[in-house]
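After this come two complexes, each holding chain A, first together with chain B and then together with chain C.
Let's look at the complex of A and B:
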């Protein structure tokens, strides 16, 4: 199949998957919409859908009409920061066919360790956030050694192991926060405030975008995307990771150090998740107060699937998910449809994106057409040579 | 320390181990059968969440636990068949199907709960614990005669109907796998689908049956969670039991009896955690115990398995050498 056709197929397939998910969403919204008559319900559904699909960048009001809302767009970009990192993390691990689901616990641990460095380690301003985030990432990389080594040495399922680690990480952090590290002077359970030197400063300040907050973390996230992409597609190690994901036996046969690469992919994935947690922490908060797993890891898995494990596509997928999530929040506020609709929509999109045979008939048609064209071309060229 | 051991030696403690093991046991049996059919269903967690919600809501609206129980089973089976459709027909990676179902099982069930309670009661509720009364739960059963035996009676009698069924299913599943044509087909498909197909076994049909079985077991597990273990459904109430079951399957060597023992080990770990927090240990330190035990269990199992494989290899090599 030609490259152009391949691209067209991918785009159409993605759009159809999203369309199906939105249809499911519409159906669910319709069921949950309030209204006595069918017409009322339809109207309520329309309103809810409008909020969900256009709400993230437009504000609707009776007085001022529809207006572009820069603050909400900035919110979406800010929400992308942690999920870009978990998305990259999952990309790297899934590329090697390692179903490590530890990004969820990883981002929490990274955020926690970074927060501790930001509170207790006095360092100069420029250096502090860098060191804090690196230590946060390194801590998670170290933890991910456990599932990775158990997988390569003992063939223990990295999936079960990483899932269990998520729970352990959450409870241990909760324990530490409840007992030793809590700032007792505050009303709720949170740590002492970070040192001023550790903050990642905002790119967008409040005056311009009426309360919008977007830290330099966003730029770092985009830089991480490029680095990750270069690593996966332009480096020896990235090639090995992808090769092992495609065919582990062949990779082994051709002399790759399969064990080492599997460990590398999970450690790198852990580092990315941890660093993402750290950057999110220092860019958005002034003290640590997470009391449960944040859910970014699961979103990261969806993003990696949407991006087809291609790091360069991660920002797009992360934007899509953040947009959808914001839309669902707005819908919950203005249209009384529970915001958890996002989980169902996410699940449906996820299923159809990952479905290899989805629209396979259409793909088959494209392949056949390409082949026929090639034969035609070959025949024409052959004819010319004969003449 | 001695005092603590005294608490552990009570019949109540052993009773709680059995009670806590039951849902893990159902999920473990589900994991065992699909594993025998040659794939992994990691969506057990999500399936149990959906079943738990369905059981709890239907029992409330129907006013009887029996219909709720049936609804839970039906939900588990239907959802697992849907998973099968994506995995076998649309060729989605089965692991990813499982992740998607788990994702929906967390927030999606809360969405459904809110929507359904909002439609019928005019108020969106985040859990069904307020709706469910004791009579809407699956009943406990006192076994006559057995309950008269000191200690043992207190441990074994008075459990929930589903707890007894869980242990009965260990036996039934084992019989199904090793004494019936269906079981033979399942194992054949798992070991070599091409060979099974060549003798006329429909691989697809067997895989769907295994999937449906795992859904049925998840239905039992889910019903247990919301209609016996707790009164009513609440968010993330299955809390990793579906995942722990995957570990129990591996630790039990993929066999029913082994799986049951592993499920009991996890039940023990969890019961121990609960006791620890009862004597004053921070519950956040006690809660991760079952998860840590899972990892340790997997490691121990893997070490033992690897040793056995190595031993077999060396025995085979020695025999070969002696033969020459």
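Let's look at the complex of A and C:
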């Protein structure tokens, strides 16, 4: 198949998947919408869809009409920071065909360890956040050695191991917070405040964005995307990770250190998730108060699959997910539709992307057309040579 | 209306069959094919001509992109093999579809086993059925033997009987003689003629001219996914068939000078290996491969050749024995170390080991050298150097492709193998292990790879060639080993004067050289 046709197929496939998901969402909104009559329900559905699809960047009010809303856009960008990191983390691990689901626990542990460094380790401003985030990332990298080594040495399923590890991490952190680390002077369970030197400063002027919080973490996340892309497509280690993901037997036969690379992919994935947690913590919060898994790791899996494990596509996928999430929040606020709907929409999109045979009939048609054109061309060329 | 009457005799008519695979390969283009009741019909063509694809569609393993299939006058949608079997079509695959650890009788009734008290397999009944069919069709098998213990020829009979038990009236035989010795082939032909006389219709897929002339009534020739016509076997000559099949006169004899062997590169001594079913696959195997020579290993598949290569490339470790390359032991080393010693492998299963199908040609040709200084600058790849290397290899090995970024899985079999060979031949090897290097690929690529092997050996590289293709080993090898039952059955220091018959006797284990003669394979 020609490259253009391949690209066209990918784009059409993605759009159809999203469209179907939205149709399903519309149907569900209609069912759950409040209203006595059919017309009321229809009206409520229309309002809800408007909020979900356009709300994230526009504000609708009776007085001022529809206006572009910079704050909401900034909120979306800020929400992308942790999910870009978990998306990259999952990309690196899944590329090696390692279904490590530890990004979820990883981002929580990274956030926690970074927070501890921010609280207890006095360092000068500028250096403090860097060291804190690096330690946070390193801690998760170290923990990810566990599923990686169990996989390579004892052939334990990294999926099961990392999944369980998420809960171990969560409960250990909860235990530490509840017993030893909580700031007793506060009304709820949270840590002592971070030292001022540890904060990652905001990137944009609050006056323009009327209270939006977007830290330099966003720029770091984009830098991480580029570094990660270079690593995966332009370095021998990323190359080895991808080849092992495509065909492990081939990689072994070619003389690659398969075991070492499998460990590397999970350790690196762990580092990315951990660093993401740290950056999120220092850019948005002033003390650690997470008491449950934040969900960024699960979103990261969706993002990696949407991005086809390509780091460069991660920001796009992360934007899409953050936009959708914001839209659903607004819908819940203004149109009285349950915010849980986003999980259903996510699930449906996920389903169609993961279904390899989705639209395969259409793909086959494109393939047949390409093949026929090629045959025709070969015949034409052959004819010319004979003549 | 003579036309009408003639068509009544057709048990199968395939009209205008076109098949395009999801990877874009158009394997069949508007092919017509028909079978008369009670004939042996040859389907001929080179590897990759589309024979197997056409028959897979008749057996319901693949569905045509367009065209229709009419069986016994009824237009059918053959959506799966079970539909085909229900209409009396059976297939004997080239690679047997048998469960090695089960007995012959159990394999016979697999999926349709007779039951005792509705729950347990009735073994006695299964054996009885097997005996009954075995006698009826005069196909001798041992119902109680385990399939892994019986010879290849008998496995094939089990396959044929399996199809017959399931009610097949039309038998598709995919290259049935490829794995047989000449004696076993002769036996098979008697059995096929017998089946024909009982009214069965047989499709005989092959590219061996002598066999076709001997046994078939009509033949359909395929080339490049198209039918080149249908002929009565008695009306055409071998030369005509050959021309129709190949479209040009292929000189398959490779020109080569006499080898001047140098020092020993690969030294194998007393290699022994017992597999997981406690079968001795390698039994005191000892030989040397010297610089500048091609040592061939012939033998019916499954006589230890695969295990030998597995040991030499560390996919497995032997129970005892030694193997050294230029004095360094290679047994159990990581593949990376083995490659550093200058050993290259053209693997038997190219799709499993030879390539990463979803990666580009470029990514495939650098897989063994990606960490090399030449292709890295600092932490990143030197993309310019990699592009140059990939383009050079594509040019030098005439890989037919759009460009270096095309996925290898999209290429034809011959071009995939050229990608493998381009990598394995270009890393300055001292020893090349070539395992079935030209299996299943087109004539052009075959010729190219054979010439390269000779060229490389004459430049001072040691080559160990394992091939089930007798022509290939006899043509290319300077000296030759025949393996049977895990042992070296014969060693020939010169291939001149060797005939198929002599080879066949050693391959089948009818003859065995003395220890003294075999010891000549070691050049101490």
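Please note the rule applied: the second predicted complex is superposed on the first by the 379 of 387 C-alpha atoms of A that agree within 3 Å, B and C clash if a C-alpha of one lies under 4 Å from a C-alpha of the other, contacts with A are read in each partner's own complex, and residues count from 1 in each chain.
Throughout what follows, a contact is a pair of C-beta atoms (placed from the backbone, for glycine too) under 8 Å apart; a residue touches a chain by one contact, two chains touch by 3 or more.
This structure is a prediction, so every number in the text was calculated from the model and none was measured.
Peer 1: Between chain B (first) and chain C (second), which does A:7 come into contact with in this model arrangement: first, second, both, or neither?
Peer 2: neither
Peer 1: Would you sort A:223 into first (chain B), second (chain C), both or neither based on which partner it touches?
Peer 2: neither
Peer 1: Between chain B (first) and chain C (second), which does A:23 come into contact with in this model arrangement: first, second, both, or neither?
Peer 2: It touches nothing on chain B or chain C.
Peer 1: By the touch definition at the top of the document, which applies to A:42: first (chain B), second (chain C), both, or neither?
Peer 2: neither
Peer 1: After superposition on the shared chain, which partner residues are touched by A:150: those of chain B (first), chain C (second), both, or neither?
Peer 2: first
Peer 1: Applying the document's definition of touching, compare chain B and chain C: which contacts more of chain A?
Peer 2: B
Peer 1: Quick one: classify A:364 as touching chain B (first), chain C (second), both or neither.
Peer 2: second
Peer 1: Thinking of the overlay built on chain A, is A:260 touched by chain B (first), by chain C (second), by both, or by neither?
Peer 2: Neither partner.
Peer 1: Which partner chains sit in contact with A:127 here, chain B, chain C, both or neither? Use first/second/both/neither.
Peer 2: In the superposed model, A:127 contacts neither chain B nor chain C.
Peer 1: Enumerate the residues of chain A that count as touching chain B in its complex and touching chain C in the other.
Peer 2: In the superposed arrangement, which is not itself an observed complex, chain A uses no residue for both chain B and chain C.
Peer 1: Any idea which chain A residues touch chain C in the complex?
Peer 2: 1, 230, 234-236, 239-240, 242-243, 246-247, 249-257, 360, 363-364, 367-368, 370-372, 374-375
Peer 1: Mind listing the chain A positions that touch chain B in their complex?
Peer 2: It is residues 28, 31-32, 99, 101, 146, 150, 154-157, 159-161, 163-165, 167-168, 171-172, 174-175, 178-179, 298, 301-302, 305, 337-338, 340-344, 346-348, 350-351, 354-358 of chain A that touch chain B.
Peer 1: State the interface residues of chain B toward chain A in the complex, per the touch definition above.
Peer 2: By the definition above, chain B touches chain A via 42, 86, 89-93, 95-97, 99-101, 103-104, 106-108, 110-111, 114-115, 118-119, 124, 239-240, 243-244, 246-247, 250, 282, 284-285, 287-288, 291-292, 294-295, 298-299, 302-303, 306.
Peer 1: Under the touch definition given earlier, write down the residues of chain C that touch chain A in their complex.
Peer 2: Interface residues on chain C, with respect to chain A: 20-26, 29, 65, 313, 315, 334-336, 338-340, 345, 347, 352-359, 363, 367-368, 370-371, 375-376, 379-381, 383, 410.
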